[in-house]
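The letters A, B, C and D name the chains in turn, as written, and every chain counts its residues from 1.
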Amino acid sequence: MIGTQKVPIITLADVGVSFGAVKALNDVELTILPGECVGVVGHNGAGKSTLVNVINGRLSSTRGDVSYDGEQSAADFRNALLARNAGIRSVFQELSLCPNLTVLENYRIPYRNMPRRAWRRNAASAVRASLDAVFPGNAIDPYSVVDDLPIADRQMVEIAIAFSRRDIDARLVILDEPTSSLDGAIADQLLAYIKKFCADGGSIIFISHMMGEIFDVASRIVVMKDGFITQDNDARHFTRDGLVDAMGHVVPDTAEVTGAKRRQEFGPEVLRMENGLNARQGEVVGLAGLAGHGQAEALAQCFLARTSDWSASRDPAVVFVAGDRSRDGVMPLWSIMRNLSLQTLVEFSRTFLVDRKAERKVADEWHRKIGIKTDDLENPILSLSGGNQQKVLFSRALASSAPIVVMDDPMRGVDVGTKKEVYRMIRAEAEKGRTFLWYSTETDEILECDRVFVFRDSEIAAELQGDQITEENMLRASFEMQEAGQ
Amino acid sequence: MVSRKAWIWAYIAAGATYIATLMVVSSSGGAGALLYAAFTFASFAVIVGVGQMFVVTLGPGNVDLSIPASMTLAATLSLKFMATDGSLVVPGLAIAIGVGLGCGLFNFSLIMLLRIPPIIATLSSSFLFQSLAIWSNRGLRIKPPEVLADFSTGGTFGIPNAAWVALLVSVLAWCVLEKAIAGRWILATGQNKRAARLGGVPVNAVRFGVYVSCAVLAGVAGFMLASFSGGANLNMGTEYMLMSIAVVVIGGSSIAGGNSNVPGIWAAALFMFLIVSMLNSYGLGAGVRLMLTGLIIVSVVVLASKRGRRV
Amino acid sequence: MSRDHLRILLPVLSLAILLAAVFYMQPRAMSYFGLNLLFNLAVPVVLATIAQMMILMVNDIDLSIGTFVSFCACITATFVQTDPVVGYAILFGAILVYAAMGAIIYARGLPAIVVTLGMSFFWSGMAVLVLPSPGGSAPDWLRALMTAKTPFLPVAIIAPIVIAAIMHYFVKRSALGVLLRGVGGNEQAIERSGWSVMGLKAFAYGVAALFCVLSGMALVGLATSADANIALRYTLLSIAGVILGGGEFTGGRVSPVGAVIGALTLTLAASFLSFLHLSPDWQIGAQGAILIIVLAVRLVFTRREALI
Amino acid sequence: DTSEKKIALSNNYAGNSWRQAMLESWGKVAYMAIEDGHVAAADAFTTSENQATEQAAQIQNMILQGYDAIVVNAASPTAINGAVKEACDAGITVVSFDGIVTEPCAWRIAVDFKQMGRDQVKYLAERYPEGGNLLEIRGLAGVFVDDEISAGIHEEVANTEFKIVGSVHGDWAQDVAQKAVAGILPSLPEIKAVVTQGGDGYGAAQAFAAADRPTPTIVMGNRRDELDWWKEQKDENGYETTSLSIAPGVSTLAFWVAQQVLDGKEVPKDLTVPFLRVDQDTLEEILAETPVGSVANVEYSLDDAKSLIESAK
């Protein structure tokens, strides 16, 4: 690349962003050239999403300069406009489609100067074309309402819209954890498309906690830590372990974390559902399969059937860890502490009043245990980064004494270090006799399980045990009937 | 989002109106008398307002429009039962509470079983309650028993008895919201019902409790108001439909649910009484009075809001 | 069939059933004259319901519609009749006030229910000032318009159809309608795409005000005069109409066609009851009962909420 | 012969004792008239809310149902004119009473509300020729009756030594009136008398008592609890006042007028009924006839109606 006369699409010089006392970004220097695919990694709360918001102009930096296409600009609200004109587009970490609109109507929203003539037809074909280009073989109808789509389809729609044809061509597309709710096969399609996009001269900023994906697509990797860019180098200079170390998460990577330590002895069966899903005491049961094939419903059913709408129990039979944070988990007006203690209120309070002391104790304990990145648990939950919010939800459930824990893709947006920590905790809890039902879109996570049910069309297509739990077996079970059906 | 201490503004507004009214108060005892009257009448608004607050806290679309009808029905049936007999006061109160329970249950079953949006469910049931009240007593006005009338119009330690009752109700409500587990549950349900259910909150029990207690409070308020004003009318309580919502929202509760405020209800209730007194005392006509009331409410709400929004 | 279709099916069915029942009980209603009598007072209700729908669409709720329509009616029966220029200027100013209200509600993050509740006192006061006692009279052209003898179908039927068609196009089809519904669905997404949510909200409120003005004018055209309390019930009626038409309080899920049908259904329900000859004691209660029944039918149609 | 004719009552409000008594009187006379073969039907309809638009729709439904006459107690004197006109055009006799309509094709059985206001002040002027301070309790803002009575009061006050020092809206609801009076009392000088619009007197008396102010002369509105209170005060300290209101039984008069019009009789469009007045010496007598919790009432027979029509010609 050296020697070419490329104009950078965006240049950040000495940029800093503060939220009150929190310095989310410090002294950031970043230049992105056409054709580059920049992978951004960092622990939860490292400042990745903040960086993205500075680049696309939604946040004004508190310090430093941002320039688009080599042109200097004062940091102000017009940046969003400049970014748009420079062909910068974003897919945000929290899905930002309008659920009440159809897919094609959502295409219209970021499209400022859309020609109005026969726009529905044009929009439908533009979305269709983009969906086909990025995710070949998908069956999403541009006329369907987003709310009716499963979360994976929604994420696909949002990505497709970001890559779709408009008056200003996409030159830099920022993807903030785009694969968090996609299953492996679909994610691979996206990665392939990204490579093609960059080969054609486009640029990508790709944020992910999946090291495999980063190494797959990134030509350059930027490592962030506590608001600083600590490393920024060609992808070839990194190794997987090196990258994890660079992110600076200190987790003892002991042997007991790996799947090899799988136990063979379990207690009696503690759960059996109509569709055949069952679990024994102390077992970690995985629910695999393509996203949207009824795993989430099965989990919800399991949870709802064992808890009541009418009373809360001091020793609940089952607790839930949500993956879709804003829909299923977070209480947006509350502090971190209140969010964390919700599930266990009746457990630690002896009377009908909230035992504040016990609440504080539980919260402090988990704050320490799981490393929620905040200095005050009284801060509002929304001031946390996405991954840290997820940690709060985790703590909420694990703090309970319930013998069964139901987890609906709980690691969405959780960084590698924390993931390992959580795996370890799950293992430890399982040893103590807790049972886990774990739905995940990540194969790595499923490989951690003792037994796996693969779902297809809302039914169990296969039950894998021990050495049968391999990526290949899961994929085969997920696809079999689809192929047969076609 | 209205800031946490939004009710400060309601108190400032109430205080300002009080002082403005005092400017035209002639007699020396007028200031005290005005305050006494304000507390008396604010009490009824506070009692229904607390109930409405719980309902409103449940989130968008939750509001109880059947409060006036529940008040009327409870008052009509209990006063008819007591038939001015002083020995029947306790069963009379029990009847008012029972009617409240019934109304709340009915509302809740419409909302829960038939899944009718609360605004419409409570509006519909209010028509039914109104019919029941008409049918049961044909609008005849029966006086309350002597002891009851004396109690509700009287005062203890210089504070109206009605205000004592309202104070008791609001302290209880404050404890529930701030201290009790049930309060957390209500707030959680109001922010995100689905997430609350998945977080172990018994959402149906919460909604049940909220609608029923709102109706029970309306029943009690109706009972007291009828005792206070010398009998139950078919149109008593009409003004408490808007009033109950107004005191909740002016008092600083976030109508989006999940953030409520008991002290603010008192401020707002006093304010709503004093503003009418003030404008009446200044001899302003109904048109100007209504206009100014509206403008002042809006200004208080705008002042109480925080500038700017989250990114 | 998508959920949107299901949502509109219920209002259509309930209107059809009610209409059949009314025709059965009162065959006379099955005529040009009869239909006009059944539905002409629904026209202002339809307009007010559309106004409420515009507000619900952007996730707010308007408790001042009734008093605002009354105010507009008072202006129509007085200034518009005597001093058209002043009259229209006042109405235009009122629309601007509404739009400003929408902007302030967004800019300061206020709960719409409170602001509109406060404004309802304001409009009510203005109406009393304009028309301290009932009176005024309808401009002749308005009276003629509302009582016109159109061929084949009466005005009372044509007007709702036209309103539904226009609003369906505007809300469901146009590029601007998408943005407005988007504000209700995910305000943040709209903002992230660089639109001014404040401007959109102000616009939605402005359109709502325009429909309130039309509602007030239609009402005066039918009633021939106005009073300060003439349309108070439109507040609740309009909310009920939108909901009955398959709209929801939050999330930008509204249907203009449904709202129009909802308003017609509500009007027809009252007629249905008066044909039943109930005892006076229960006439009021029956209105509640019929609302409950019509809405309870939704149970059959709305699929069970996904989780809870 | 009207034995085949059907009459409907369109009523806009049923939420107070006066309206309930009015409906009861109607029910009584309707039952008798059907028994005696005067008419075929006399149904009463009430709207769920006190709203002109709803009443207009109600009248339109009555047209569809083929009633021969509609008796109206209107929510607004003008806002249902459109519907009334439609009824007239369909050949239906429309008779309005209490809340009358201005549409020329309808009959009006009016109480001179202005006169009612004037009479209150006249009575007070006789009692207190030296004048004094008056408190006025009004009804619901923007409603015709409220405006008329108030206008009468103000007109007459101009001819006397009285001065209206305060005016509040009680919305014709006992509790609202009581509240409004309690709110304004501290700012008022000594009040000699209170003029009301009916049904608010007892509330006013309570508010004065609660504020420990001397009870002024409160003009009453014929409600039983007002009369009771008056009687009590009279026995205790010789309290004197007057009470006047329109009798709910005027609905029966409207019924007979409608029947007469249907019968082809010539009836003048405007009829006036006197309001029912209770004085210091008739108090006991009327109190005895008034049911507990209700309103003093007189009902009209066919003969009463005939003589009233005769006298109006």
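The criterion applied here is as follows: contacts are C-beta pairs under 8 Å (C-beta built on N, C-alpha and C of every residue); 3 or more make two chains touch, one makes a residue touch a chain.
Remember, predicted model here, so these are calculated numbers, not experimental data.
Any chain bridging chain A and chain D, meaning touching each of them, is among B, C; the list is complete.
Placing every chain at the mean of its C-alpha atoms, the farthest one from chain C is found to be A. Interface comparison, B-D versus A-B: the higher number of contacting C-beta pairs is recorded for B-D. In this assembly, the C-alpha centroid of chain C lies 34 Å from the C-alpha centroid of chain D. Averaged C-alpha coordinates give centres for chain A and chain C that are 43 Å from one another. Under the contact definition stated at the top, the residues of chain B that touch 2 or more other chains are 1, 127, 130, 134, 194, 197-198, 203, 254, 286-287, 290.
Of all residues in chain C, those that touch two or more other chains are 127-128, 132, 283-284, 287-288, 307-308. The residues of chain A that reach two or more other chains are 58, 300, 304, 309, listed in rising order.
Here the touching chains pair up as A-B, A-C, B-C, B-D, C-D. The touching residues of chain D, when paired with chain C in their complex, are 11, 14, 23, 27, 43-46, 48-49, 51-54, 56-58, 60-66, 76-83, 85-86, 140-144, 146-148.
Interface of chain C with chain B (complex): residues 59, 63, 104, 108-111, 113-115, 117-129, 132, 236, 239-240, 243-244, 249-250, 281-289, 291-292, 295-296, 298-299, 302, 307-308. Chain B makes touch with chain A in their complex at residues 1, 175, 179-185, 187-188, 191-192, 194-205, 208, 254, 258-259, 310-311. The touching residues of chain A, counted against chain C in their complex, run 58, 80-81, 84, 90, 92, 96-101, 105-106, 108-110, 112, 114, 116, 119-120, 144-145, 147-148, 300, 304, 309. Of all residues in chain C, only 2-4, 173-175, 178-179, 181-182, 184-186, 188-190, 192-195, 251-253, 307-308 touch chain A in the complex they form.
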